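Order of writing sets the chain letters: A, B and C. Residues in each chain are counted from 1.
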Amino acid sequence: MSIRKVVISLAAAAAMLAPAAALAKTVKVGVVLTFSGGAAQFGDLIEKGMKLYMKEHPQAFGDNKVELINRDSKNPGGAVAKTMVKELITREGVQMLAGFVFSPNAMASAPLATQAKVPMIIMNAGTAWITKLSPYIARFSFSMWHAAYPMGAYAHDKLGCKTAAVGYTDYPPGKDSLEAFKTGFEKAGGKVVDAVPMGGPREVPDFTPFLQRVKDAKPDCFYVFVPSGNHAAAVVKTFGDLGMAAAGIKLIGPGDLVPDTELQGMGTPATALTIMHNYAADYDNPANKAFVKAWKAAYGASTTPDFMAVAGWDGMAAIAHAIKVQNGDVTAAGTMKALEGWKFDSPRGPIMIDPKTRDIIQDEHVEKIVDDNGRLKVKVIDTIPQVKDPCKALKIGKCG
Amino acid sequence: MNDAADAIAALGRRGRLHWAEALPWFAGLAVFFVFPGYLAFGTQVLISILFALSLDLILGYAGIVTLGHAAYFGFGAYAAGMLSAHLGWNEPLSGLVFAGVVAGGFGFVTGLILLRYHGLALIMLTLAQAIMLQEFANVAEGWTGGFDGLMGINISPIFGIFDNDLWGKHYYLYALAVLFLCFIVVRLLTHSPLGASLVGVRENTQRMHAVGSPVYWRLVAVYTVGATLAGIAGGLFAQSNSFVTLDVLSFARSGTVLIMLVLGGTGRLYGAFLGTTVYMIIEDRLAKASPDLWELGVGIGLVLAVMFFRGGLMGLIDRLAARSGARP
Amino acid sequence: MGDVLVATVSIAFDGFAYAMLLFMISVGLSVTMGLMGFVNLAHGAFAMAGGYVLVSLMNSLGVPFLPALVIAAIVVAVFSVPFERVLYRPLYRASELEQVLLSIGLVYIAVGGITYIYGPQPPHIALPSFLEGMIDLGFKSFPAYRVFVIVIGLVTALGLWLGLERTIAGARIRAAVDNRRMAQSVGIKVDRLFMLTFALGSGLAAVGGGLAINILGLNPRFAFIYLVFFLIIVVVGGMGSVRGAFFAAILLGIIDTGGKYLWPEGGAFFIYVVTMAILLVRPQGLFGKPA
């Protein structure tokens, strides 16, 4: 082919594409998650949830496309995440930020989102007052108070616990969860006899000295918050090893304690648990049935999604909505406006973004683990509908 | 006969400025114009170079093997951070001086105790000290922010004009200027009689004692200067990131700066520049692709460096220069 | 039982189990460091390797727990020999710095390599049923697995002590630790002795690593995380001293466990304070020879 013909063909092609190109925009989204180290599975789950939504609902974005640029925040320390966010904004020119597994990473990145005017879609980090750190943050996972506060009242009123001990990992969500449970429990008339910080989120410590201390204190209920995954599996195991259920101590906690991905490996000790959570893969609603089916088809029949994967899915649905409403010209203020009051039929049930706080409103379920022919299943025994984050609603501490 | 004349000539030449010494500074300025998108990264490289330089003084020149040098880096970082976050003193230059002075003071006091020991005991003590400091910082979370990190650092613009923007332009030049000034101090020190006596201590301590040299006090002096410079690097870190976490005191940080220095070549001053830059650039590129293989690569590189390439990159350059007949 | 008594028993038991684990991993390091004076930061990598070999044996090949422990120990011991010959031997005369750097490099290789092969997730193994659950001693019940670890630790300590004090090979080792030149001039083949000691130490570390899976948990960063603890035990106990390693491990185990039990906010602090205090007063460690 002669040069002239090549140039003419290219010009013709460009001319054909130009009108479409003028309409369809590519929105760059910087994804900051832990992709390495002990927490790598969380980043993996959230990313899979995000990508699954993009695969199943390509039309939700309008004519626009989303380009995901991943960065590994490596650990819960905050410093690496902050550097990655800076890079994404200055070097890659992202228009949105998404992800954030650990609270310290979200907390460190919030000032950058405000400074650069980039919307931040949080898909896990649960410390209650994070949404106050920037006007451009919207959260699609939960606040520690969503589960812990109602659990406090439930433990006293329905489980009959007069005294409780709390074990928590010593970092912001842990302390937040402790405060939330304590406030709810003591308001209902209970007494927290011991609050035990159990090491940090980076490494899984040997939980035995901490649980031994709780066992020796003989509380009615033992509320535990640890990061999901390895920490949770270790705690449940140690609880079983020390025979604490036989000693009359009820183990309770938020859903991080029994993520669907670890549930089957936990064995019999898990059946002693009572959980308050917003999602389990066993939930019986049409949106979830479709979600789990699509998940297994895409990622393998032996895999399962969990609450982090759902947050990725819902967060991406929100991103799609924001992009579509703004016709691909994404701004921070415009995104927040599009998401305030946004309602969605999530696999976890109906959710809404609170227009005042930009945090999520969702149902909370009381769950027990039951043995169903050798396979552990989550059974919902009670539901508290459309819970708003109590910390911000009651204006407690840093949420006020 | 020729050897003796060469030796005397070499002694006379030592300490004079060589034209190649201006290269790093030109390179540093060039980066400012050529890679404007990478200045935030560049600032962190400059900070790490300063940190590695402070270690070179202690390790490369004085021969003190320490696995806990991050203690002084972190001390300076928290000092500078807390000055702003808790006391509301946001002026950057005085904050940096404060960080250096405080870290140097800590270096002096700890040096008095530590430098009475040698060999493995000293290595363990430096390691234990750094970890203890990190644990202490974790416990004292009212001051340091503990695991969450120290927030609320709000540094005022330098000279009232140059603020810490997202692209890091101003802070890059700030860090470069600080590095330059600190380097002048280090170069004067190493080419002074004190520096010569340190080499003596490193090579043959017993003989230095026999000659009557106050070995202990020389070591303490150098250790203090090294701690001060590490503290300044830490202060820069706190100011440029507006965020300090327990990582600044970690064993990983002490280990990494040691690796970067060894890679570049100890006892050569410019080894700090070369090793740090090469390490951090390769890390930036490769670690993203596969963090596991990166660690593997660092380990292999270290093993090879120890077994075959003593003297690091600077040593390599020396050998190439010697082959081509040029005098380094 | 009174609260204080309950707490003391809990701390003592848990601390002792932890201590036995650390002892088994560290004793090899103490003897090899005493013998050759080589600063080996990579010893924890042998423990880690032992743990992962155990995991592969049990999960991929279906070998039961106890035989798998033995096999893992032998495998690691055998493979440690070429390591010693090729990497460590050239550096016996080298400076401390170079030894530190080489061994740090080996740790990085081990950590990076294991992460690449096995992934970052902690592996799980199923324990045989007689090791699960609690053993009731009347006044208190104790987790069976920890009792098992304590028993193995004590048996190892006894075996090592008997081996060193009552056998000719042990006498040779003690002689070489005390004065290597003299031992060589008397005709003791120190190089071969060292190779055997290195292998034995690595094998023991592998057992410790395998046992650690269900107490400390295993992950590819194990060699980094516990590096400091092994060094502390060796240096506080005194290089070359099995007795020293034993008592230092107990000290460390009880202080760490007690610290976490009594003061969870900052319990980890105490070990380092105690370590520094001991080293400042006795740089050669509790049972080490003076410099």
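By our rule, a contact is a pair of C-beta atoms (placed from the backbone, for glycine too) under 8 Å apart; a residue touches a chain by one contact, two chains touch by 3 or more.
Here the structure is a predicted model, which is why all the values come from computation and not from measurement.
**Q** Farthest from chain C in C-alpha centre terms, which chain would that be?
**A** Chain centre farthest from chain C's centre: A.
**Q** If you tally the C-beta contacts, which comes out ahead, A-B or B-C?
**A** Most C-beta pairs in contact, of the two: B-C.
**Q** How many angstrom lie between the centres of chain A and chain B, each centre taken as the mean Cα position?
**A** The separation of the two C-alpha centroids amounts to 40 Å.
**Q** Provide the C-alpha centroid distance between chain B and chain C, rounded to the nearest whole angstrom.
**A** The computed centroid separation for chain B versus chain C comes out at 33 Å.
**Q** Of all residues in chain A, which are in touch with two or more distinct other chains?
**A** Answer for chain A, listing residues that touch two or more other chains: 36, 170.
**Q** If a residue has to touch 2 or more other chains to count, which residues of chain B qualify?
**A** Residues 138, 291-292 of chain B each touch two or more of the other chains.
**Q** Please set out, as single numbers or ranges, the residues of chain C touching at least two other chains.
**A** 265
**Q** Using the touch rule from the top, collect the residues of chain C that touch chain B in their complex.
**A** 33, 39, 87, 90-91, 94, 96-98, 100-102, 104-113, 115-116, 224, 227-228, 231-232, 235, 239, 265-266, 268-269, 272-273, 275-276, 279-280, 283-284, 291
**Q** Flag every residue of chain A that touches chain C in the complex, lowest number first.
**A** Chain A reaches chain C through residues 36-38, 40-41, 170, 196-199, 203-206, 208-210, 212-213, 216, 230, 233-234, 241-243, 265.
**Q** Considering only the defined contacts, which chain B positions touch chain A in the complex?
**A** Chain B reaches chain A through residues 37-38, 40-41, 44, 138, 146-149, 151, 166-167, 241-243, 245-247, 288, 291-292.
**Q** Help me check something: in the complex, which residues belonging to chain C touch chain A?
**A** Residues 3, 6-7, 10-11, 14, 18, 119-122, 124, 132-134, 141, 143, 145-146, 215-217, 219, 221, 225, 257-258, 260-261, 264-265 of chain C touch chain A in their complex.
**Q** Please output the residues of chain B touching chain C within their complex, sorted ascending.
**A** Those in contact with chain C are residues 59, 65, 67, 113, 117-121, 123-125, 127-129, 131-132, 135-136, 138-139, 251-252, 255, 258-259, 262, 290-303, 305-307, 310.
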